[in-house]
Amino acid sequence: MSPRLRLWLVCAAGSGLAALLVAACLDLPGFGGDRHPYGDRAVDASLARRTANTVASVNFDQRAFDTLGEMSILFAAVLGCVVLLRQTRDEHRARPEPAHVDRPVRRYTLLVLPVALLTGLYVIAHGQLSPGGGFQGGVVAATSLHLLYVGADYRALERVRPIGVYEVGDALSASAYVVTGCAGVLAGTAFLANTLLPYGTFNTLSSGGTVPLLNAAIGMEVACAVVVLLARFLDQAVEIEEVRSL
Amino acid sequence: MNGWLLAAAVVLAGGVGATLWGVATGPLRRRVVAQNLSSALACPILLLLSQGYDRPSYVDLALVLALLGPVGTLVFARLLADELAGDPPRAWGATWAAAGVGAGVVLALCAATAPGRATVKLLLTGALLIGGNVVASRALAGGFRGVRRG
Amino acid sequence: MADALIAVALLLVAVSATVAVVTRDPVRQALVLAVLGIVLAVLFTVLQAPDVGLSQLAVGSALTPLLLLLTVRKVRRRAQDRDGGR
Amino acid sequence: MGVLPYLVAVWIFLAGCYGLATSRNLIHAVGCLAVCQSATYVLLLAVGYRDGATAPVFSDVEPGSRPVVDPVVQALALTDVVVGATVTALLLALVVQISKRHGTVDPDELSELRG
């Protein structure tokens, strides 16, 4: 297909889609309206189970099964990356040269790394209270480890990142989520039902029944997944080279 | 009329709008500087919003941005070191202006809130914001000169 | 006031998304995407969704640019190796 | 405000689609897909917004003292932001693999290779 014909096709299909979407938008309930039946019920259910962050309650209690699906997508995506980016027979590893980094930049990264790691853990731990949770905190914690690559050296990162441990951690935390769900079945209720643990006091770290447990499992899963992902990409971009066939 | 929200809207429309223009046009060295400034300006906006909506828990967003914004710029500085080496970007005027905005916002918020844990968090955010952006600017201006490969 | 803030944030998001699409060079697009992530986080905050804003900040500020730039580096290095080998 | 937020979401989605269709570089196409994704977040959160309300997070406000926005759409968007990033990573891994096998990341050249 010539580019010109393709552009015409895109414009025609796009304008049709645009007309349909705009018509749909005009029929949606107005922006900022006062009618949110699901939202109001979710807030009531969350408060009844003494979870201060309603969003965490929706994620890890009322729609915990949905989050299991999201987690499987994440797990499958990481698995796909690991398979796609493995070292093949016609490639070899070359040691990257150590990087020269300005002293203030190096000092800053070494100073900020523990702070960022701690912030990540804080965001995970306070997931059921203040904005945050396993998804966000896991990414922050995993990103903070890669400050070592950015500010110091690839080899320094490799030393604190035994990749096997993170792969095992990824699998373990994924199964921890399922096991917590199955505990509900064994206790005589439903899969992932939040009836197992006492709900605790409102607005404390242990409130909300199984919400903190599932939240922590997701936090670990996301952190390990991102570390494994970035490790594969760094391997490909920095270390692995093709054997030149001359 | 909420003064905090007004200030946030002004910084958003003026500051972040300008950095968007900067990142959309011009040579690469101007674009990386604009990206750095956008995170340096968004952090005070988030602090102002937290105060304007009267929600202290929104400060977490500013804290995370103050930590990860400079990390993003360092990623660009590190991986684009070759491209930037020939003509390193130097924008100390804009960097210090953004740092001044950040410092002003943090001090104003400290004055408006009662002293306590919230003040410590604000000051930590401010220190990370200003320190991070100055270091990121430094890195862009040739902090990774020795990096060839790796 | 809240409405004006939402309108400004929406406008900035629309403009930065358009710029991200029309920037054809992947490296420059990664820079625009980083700015888009930050503007989106501000929009989510003014729409009273700090959880989503935090997610967007965590992902958009460092992770996505790092992934994109590493891919660009790998693809370019391969191209250089190929041209050098010939 | 009316329907402005919804229209912005539509605009972002269509712009991303245009970029995807006319892209000459697969890495750029993945970036455009990320733009398309962000349109869904804007739409979801716009649907859940309520005038004069605040976030449904009660760590620093008394429950019931202020109206709150819809938490359900926020939960949907929040998980998808992180999961979407890993899916982007998977697509980028595919791009790396394509460049290894075919030596190009231009979709037009790729379809010529297939013949």
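By written order: A, B, C and D. Residues from 1 in each chain.
Basically, a residue touches a chain if its C-beta (ideal position, glycine included) is under 8 Å from a C-beta of that chain, and two chains touch if they have at least 3 such contacts.
A quick map from chain label to UniProt name: B = Multisubunit sodium/proton antiporter MrpF subunit; C = MrpA C-terminal/MbhD domain-containing protein.
Because the structure is predicted, anything quoted here is derived from the model rather than measured.
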(message) Quick check: more C-beta contact pairs at A-B or at A-C?
(response) A-B
(message) Taking the mean of the C-alpha atoms as each chain's centre, how many Å separate chain B from chain D?
(response) 24
(request) Could you grab the centroid distance between chain A and chain D? Build each centroid from C-alpha atoms only and quote it in angstrom. (result) 15
(request) Among the residues of chain A, pick out those that touch two or more other chains and give their numbers. (result) 53, 55, 123, 130-133, 135-136, 139-140, 143, 226, 229, 233, 236, 242
(request) Quick one: which residues in chain D touch 2 or more of the other chains? (result) 1, 4-5, 18, 46, 48-49, 51, 54-55, 57, 59-60, 68-69, 74-75, 78, 81-82, 85, 89, 92, 96, 100
(request) Two or more other chains in contact with one residue: find those residues in chain B. (result) 53, 55, 57-58, 60-61, 64, 68, 71, 75
(request) Answer with line, ring, star, complete or other to describe the graph linking chains that touch. (result) complete
(message) Which stretch or stretches of chain D touch chain B in the complex?
(response) 54-55, 57, 59-61
(message) If we count contacts the way the header does, which residues on chain D are in touch with chain C in the complex?
(response) 1, 4-5, 8, 11-12, 15-16, 18-19, 23-25, 27-28, 30-32, 34-35, 38-39, 41-42, 45-46, 48-49, 51-55, 57, 68-69, 74-75, 77-78, 81-82, 84-85, 88-89, 92, 95-96, 99-100, 103, 105
(message) Quick check: in the complex, which residue numbers of chain B touch chain C?
(response) 1-2, 5-6, 8-9, 12-13, 16-17, 19-20, 23-24, 28, 31-32, 34-35, 38-39, 42, 45-46, 49, 53, 55, 57-58, 60-61, 64-65, 68-69, 71-72, 75-76, 79-80, 83
(message) List the residues on chain A that touch chain D in their complex, please.
(response) 3, 6-7, 10, 14, 17-18, 21-22, 25-26, 28-34, 36, 38-39, 42-43, 46-47, 52-55, 57-59, 63, 66-67, 70, 73-74, 77-78, 80-81, 84-85, 126, 129-131, 133, 135-136, 138-139, 202-203, 222, 225-226, 229, 232-233, 236, 242
(message) Residue numbers of chain A touching chain B in their complex, please.
(response) 96-102, 104-105, 108-109, 112, 115-116, 119, 123, 130-132, 136, 140, 143-144, 147, 149-151, 153-154, 238
